[in-house]
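In the part that follows, the structures are each spelled out as C-alpha cells.
Common to both upcoming complexes is chain A, partnered first by chain B, then by chain C.
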Partner chain A sequence: MNKSIVVIGAGVAGIEVASILADMGYNVFIIEKNKNIGGNVAFWHHLFPNNRSAAEVREYMNQKIKVPNITLFPNTEVTDISQKKNVYVVRTNKDATFEVGAVLIATGFTPFDARRKEEYGYGIYDNVITSVDLEKKLERGENITTTQGMAPKRIAFVHCVGSRDAKVGHTYCSKVCCITGVKQAIEMSKMFPDAEMYCFYMDLRMHGLEYERFYKDAQENYNTQFIRGRVSEVSENKDKSIQLKAEDTLSGLPLKMKVDLLVLLVGMEQGKDSDKLCDILHLHKTPENFIQPQDPHLQGNVSSRQGVFIAGTCIQPMTINETMQNARSAALEINHYLLHL
Partner chain B sequence: MPTITERLAQDVRFKESINSCINCGVCTAICAAAEFYDYSPRQIAGIVQEGNEEKIIALLKSDTIWFCGQCMSCKTRCPRNNCVGIIIAVLRKISQEEGYFVESRMGRQQLLIKRNIGSTILKYGYCIHPEIVNPEYHPEQGPTWEWVYKNKEKVYERMNANLDKPGSGTLRKIEQDTLQELRDIFEVSGGVELFDKIEKYSFEKAAEMGLASNPDSMDNYVKYISNE
Partner chain C sequence: MAPSFTYPFTIGVIILFGVLIYKAVKWYAGFTKYDKIRIRKGFFTRKTLKSIKESFNDGLLHVSIFRRNPMLGYMHMSLAFGWFLLIIVGHLESVITMGTFRFPFYYAVFLRYFNPLSVHPFSSEIFKHVMDFLLLFVLSGVSLAYFKRINKRLFGMKRTTKLKVPDKMALTSLWFIFPLRLFAESISAGIKHNGGFLTQPLGDFLVSILNVYTWEYPVWFAYSLSLGVFFVFLTSSRYAHIPTEILYIFLRNYGIKLKKKYNTYTNVQVYSCSRCGMCLDICQLNDANIHTQSVYLIKRIRNHNLTDDVLFNCLLCGKCQQACPVHIDINDLRITQRIESTRQYNSSYDYLEEMEAISSKVVYFAGCMSHLTPGIVQAMKKIFAHSGTSYWFMDEDKAPCCGRPLMQAGQYDAAMKLIETNRKAIYDSGATQLITSCPICYKVFKEDYHLKNIQVLHHTQFILKLIEKGKIPAMPTGNSFVYHDPCDLGRGSNIYEQPREILRKYGTLIPIRKEKENALCCGGSLANIKIDMTERDAIKKHALDMYFGYKPDMLVTACPLCKKTFTRNNIYPIFDIAEIVAATITQSACRKVCEVAEVENML
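Presenting the complex of A and B:
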C-alpha cells in the first residue's frame, strides 16, 4: 500500500486534510503555487460571524503543518499527473516527481474580477473598491479614506457582484458575500460612527446561526440600511464621489444615491488552477464550473476519477468552518480509499 | 381562440425574453423611461410572469406599454438574461392586433406613428420625410419649422440635399422598383396587415367618440389624438 498523498493547495482545506492524514500516519506532500500558505485567508483581516482575527486561523494552519510527515513545496505548480494502476505520478515545474496513492485537489476559489462588471466602475473610478481590497487594507493597517484622503460619510455595499448573474456566467450564489457585507458595514460603522452604510441586495442569505443576529445588529446599532435592489450603474461626480442608480424594489421607485465609497462584494469563482487540473485529469465539472463530486450526498469529496479527491471551495462556495468540516470528511474518505485499495 | 397569455407564450421573442424574473429591479434602475414616467420594466416582467389574463389585457389597454423607448438597456443588465424591451415589443404588437391600443392616450398615437413613419417609408422610402412633418401637427418643431416647410425646395437645395429629385444625395427620390421591394417586404412580413388594423381600430374608436363618420375623414380624430 502506497502511504503517500499529494495535496494540491495549501489553503484551509488542503492544510486540514494534510494534518489529519499525517496524524493517521500518511506521508503528505503539499504543493502550493504561492510563497505562503493560507490561500485566500492569507490576506484576510477579520472573519464573520465573530470578527475574530484571520491571523489566528493562519497560526492554526502554521502549527498544523509542523509535523515530520508533511512536506510543503511552496512556489510550486503541478504540471502533469499520470496514473499507473493505483499509483498517481505527479510532476511539478520544479522537476520533482511524486508517486502517491491518492491526490487531493484543494485549489480553492478565485475572487471574482469586478472589472468584468464594468457598470460598477471598478478599475475606472477611484472610490470603487472590492470587499477583498477592503480586507487587505484593514489587514495592512491602512486608514480607510476616499482617494481624496477624506473620511467617508456614506458607504454603499453592492451585493452579488459576480454572483447569481447570468451576464458573467455565474448563476450560483457565492454564499459568503451577504454576511461579509454585513460584517464590513459594521466594521466601517465602528470606524466612522457618523457615517451612513447602505447595502444593496437582491436577497439576503443569512444562512448561519449567528448571521441573522449580525444583520439585526448592523441595522439597530451600526447605521446600516438595507435596500432591496440591484445597482444598475455607477458614475463618478466631479468631486470623485460615486453616483449610483438602483431601484428600491420594496417601494417600487428608482433611486439615485451619492456615496463617498462603494464596496463591491465579490463572489467566488473556480480558479484557473482547478481548471488546469480538471483538464489534466479529465474530471467532470458542474455547470457552474466547479469540480463535480461523484455523489453530492454520499461521496462529496470523491471526484469523477478514482483516487482523486476534492475538498473545499474548488467544489462549491463555502465558509471557512464549512471548509474545515469538508476537509475532515475528505481526509476520512481518502483514508478509507487507501485502506481498501 | 388562444388566450392572450397563450399568444404571448407562442411568440419566440417572448419566450427568449422572460426567464424567471427575480424582481431585483436592475431593469427599472437602468431604464431611461422609468426615470421620467410612471413606468417600471420590473413590474411588466412581474405581470407577464404571473400570467393573469385580466391583468395582461389591462396592460395592453394602458399607456404603460408605450413609455418604453426600445433602447434595450434592460437587456444589458438583467442577471437572468430577461429583456423587458423585447417583451414590450411583443405586447405592443398584440395590442395593435387586438385593437386594445385605442383605449389609452399613448396607444391612440399609434395612428400618428403609422401614418407618419409607417406610411412614409412605403411612400417615400424614408422613415421621416420633410413633406410629412406638417407644422400643424408638430408644434414642438417651433415657428421656424413652418417657414422651412413652406420654403423647402430652396432650403434643402442650400443644404446640399437633393430633395425629391432623381440621382444621388440626401433625400433623393427613391426609385419605384426599390419602393416596390420595400412594399413587398411589408406585405409578406405582415406589416401591411398590421397597418390596416391600426387604421381600422382607430376609425372605430373615432366613430365611437363621434370624431369621424367614415375612414377617409379622420382629421378631427387625428387632431384630437395629437393634442390630447
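Presenting the complex of A and C:
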C-alpha cells in the first residue's frame, strides 16, 4: 500500500487533513502556491463569532505541520496529475514528482472581485473598499480613515456582493458574509463610537448559534441599522464622500444616503486553481462551479474520481469551524479508502 | 368558346385579381390622410422610378439574397425573373405569331396547344427556342427548390419555416406548374412539331413511348389546374409576398413610415414577408436555443396567434432587419406590436417631478446604465473638465429614464410621459447640444424627442470633435483593440466610423469578421423581457469568444450596457471608449505634473 498523500492547498482544510493523516502514520506532501500557509485566513484580522484573533488559528496551523512526516512545498503549483492503477503521479512547476495513493484538493475559495459589480464603484471611488480590504487594513494595524485622512462618521456595508446574484452568475449564498458584516460593523463602531453604521441586506442569514445574538447586539449597542434593500447606484461627491441610492423595501421608499466609507461584503467563488485541477482530473462540478462531491450526504469528501478527495471551501462556502470539521471527515475518508484498497 | 382545360387557369386568375383589388382598395382606405397625400404626391416623382428599379432588383433579380448566398439567390432569381420573362416573352410571341393584340388573355399561356399559323414564321422559329430556354431556366430553379427541401444546408440555411395548409397547396402547385408545362408542351410538340430545342426532342421521345393524342388534353388540363390552384392560394399563402412586396417598395419610397399603432402599413409589411428564413440562422438567440425569430413573429401576426413569449423574447438587436431581403422594418414592427399587446397602465405619474434646469449650452445625460458603470461617468467628467466644456449634468442626481426601455416594452403612454418631462427640462436649459453616453438614450432622443435646434450627440461623436479641435490629446497607447458595435449605436443609429476613428488614434484597431452592420449583440439588451440570465450568458459567451479569438489587448465598446454585460465575468479587459480617452488625459496631466516636479527639483 502506498502510504503517501498529496494535499493541494495549505489553508485551514489542507493543514487539518494533513495533520490528522500524519498522525495516522501517512506521509503527507502539502503543495501550496503561496509563500505562506493559511490561505484566506493568512491576512484576516478577527474571526466571528467571538472576535478571536485569526493569528491564533494561524499559530495552531503552524504547530500542526511541524511533524516529520509532513513536508510543505511553498511557492509550488501542480502542473499535471496522472494515474497508474491506484497510484497518482503529481507533477509540479518545480519539477518535483510525487507518487501517492491519494490526492486531496483543498484549494479553498477566491474572494469575489468587486469590480465586477461596477455600480458599487470599487476600484473607481477611493472610499469604496471590500470586507477583505478592511480585514487586511486592520491586520496591518493601519488606521481606518477616509482617503482624506478623516475618521469616518458614517459607514455603510453592502451585503451579498457577488452572492445570490444571477447577474454575476452566482446564485448561491456565500454563507459567511452576513455575519462578517455584523462583526465588522461592531468593530468599526467600537473604533468610532460616534459613527453610524448601516447594513444594506436582502436577507440576513444568521445560521450559527451565536449569530442572532451578535446581530441583536449590533443594533442595540453598536449604532448599527439594518436596511432591507440592495444598493442600486453609488456615486462620488466632490469631497470624495460616497452618495448611494437604495430602496428601503420594508417601507417601500427609495432613499439616498451620504456615507464616508462603503464596505462591500464580498462572497466566495471558485478561482482558477480549482478550475485547473478539475480540468486535469476531469472532475465533475456543480452548476455553481464548485467541485461536486460523489454524494452530498454519504460521500461529501469524495470527488467524482476514485482516489481524489476534496475538503473545505472548494466544495461549497463554509465557515472556518465547518471547514475544520469537513477536513476531519475528509481525513477519515482518505484513511478508509487507503486501508481498503 | 374556350376549351374547357383553360377554365381552372381563368378562374384562378379572376379570383386572384378579385382578391388583389379588394385588398388594394381596403388597404388604401386604411391609410391616414397624410399617407394618402404622400402616395398621391409621390406618384409622379422620381420615387416611382426608384421603386420600379428596386422592384426589379429585389422582386425579380433578388440581388440582396444573391449577396448573402449565390445559390439561394439563383434559385429565387430563376423562379421569379424566369417566370416573369416567360410571361412577357410568351405574350410577345403570341402577338407576333398572331399579328394582332386581339386574343384572349389565356391564349399566350397555352400557345403551343392552340398552335396558330404564324404570320412571322421566322420570328416564331426563334421564339420557340427562347421560350424553351426560359422554361429550362425556371426549371433549374424549381429543381434547386426541390433539392432545398431535402438539403437546406447546401443553401447556407440551418432552419426553414414550417408550412400551413394554404402554403402547402400553393407550394405543391407551384412545384407542378413548370414540369407540367414542359410535359404538355413536349406532347404538343410531338404531335404538332412546334417545339424548341428542349420540347421538340422530348416530344419526339414521348411520341415513341406514349399515345400522345390521348395524353395531350389531360396534361394541358393538369397544367392549367396547377396554375389555377396556385393563383387561388397565392393570397392566403406566403406567396402573397409577391404582389405585396412590390406595393411595399413603392409605399416605402413614398416616405410612409410605421406608426406606433397597427395599421395598413403594418399589414403591408407583414404580407411582404416571403418567409425566406434569412432572419433565422443569423439570430443570436439561437446561441441560447430560443426560437422566436422575426419570421415566426410576422407569421403569427398574420395568423392572429401571436403570444407574448414570441413577441417579447427578442433583443431588438436589428440583425434580422439588416439581413431581410425585403427590408421589412422588423424592430419597429415588433415594438408596434408590443404597444398593441400591452395594457397601458393608467398611472398618475405623480412621481415625475418637474426638474429645475440649469442654463447651459451643453447638456449631458449619462443614462441609467452609465450610472451603473460609474467608470464611464467618471471618464466623461474628466473629458469635460480637460476640454473646458461647461455643461449641465442633467441626470447626475435624479432624472427620469430616457423612456426607451418602456417604449421597447410596449409601454408607450408611460414612455411619452417621461419623454415630455425630460424634453421640457432640456428646452428649459437653453441647450444647443445634448450629449449622452448611452446609445439606448441616444436613439430615443434622436427619434422620439423631436428636439428642435438641439444637436443630439453620442459621446463618441462629441469626443471625436474635441480631438479634432485639439481640445483633448489623442495619444497612442500601444494597445490593440477590438471594437464592439453597440446595436443601438451601430445598426440602430448608423454610427460606425466615429468610434473607430477615435480608436485608431489611440492604438491599433483589429478588423474583425462580424462588425458594423453584422456586429454581434452583447446579449444584455433591455428589450428582451423573456430571456433568463443563463440564456443571456450563452449569447454573451459566444460574442466574447469571437472577439478575444483576435487576441486584442482589450475589447472596447461605446455603450454602458454592453460594457456591463461583458464585464460580469471579468475574464477579459473591457472598456468604454470614453475610459480609453480619459486614461490618456490622466497620463498627460500626470506628465505635466511630473515635469513641473522635476523642474522644481532642478531649481
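We adopt the following convention: the second predicted complex is superposed on the first by the 341 of 341 C-alpha atoms of A that agree within 3 Å, B and C clash if a C-alpha of one lies under 4 Å from a C-alpha of the other, contacts with A are read in each partner's own complex, and residues count from 1 in each chain.
The rule we apply is simple: contacts are C-beta pairs under 8 Å (C-beta built on N, C-alpha and C of every residue); 3 or more make two chains touch, one makes a residue touch a chain.
Note that the structure is a prediction, hence the values are computed from the model and not measured.
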Chain C versus chain B on the shared chain A, clash or fit after superposition: clash
Superposed model, chain A: greater residue contact from chain B or chain C: B
Partner chain in contact with A:E233 - chain B first, chain C second, else both or neither: both
First (chain B), second (chain C), both or neither touched by A:G252: first
Partner chain in contact with A:C160 - chain B first, chain C second, else both or neither: first
Contacts of A:G169 with chain B and chain C, given as first, second, both or neither: second
Which of chain B and chain C A:E118 touches, first, second, both or neither: second
Contacts of A:M202 with chain B and chain C, given as first, second, both or neither: first
Segment of chain C that clashes with chain B, given the candidates 150-158, 186-194, 204-212 or 258-266: 258-266
On chain A, positions contacted by chain B and by chain C: 119, 166-167, 233
Complex contact set, residues of chain A against chain B: 119, 160, 164-167, 202-203, 228-233, 245-249, 252, 254-255
Chain C residues within the chain A interface of the complex: 371-375, 377-378, 396, 532-533, 537, 563-564, 567-570
Contact set on chain B toward chain A in their complex: 22-31, 34-35, 40, 42-43, 76-81
Parts of chain A lying in touch with chain C, wherever the complex brings them together: 113, 115-116, 118-119, 121, 124-125, 166-169, 233-236
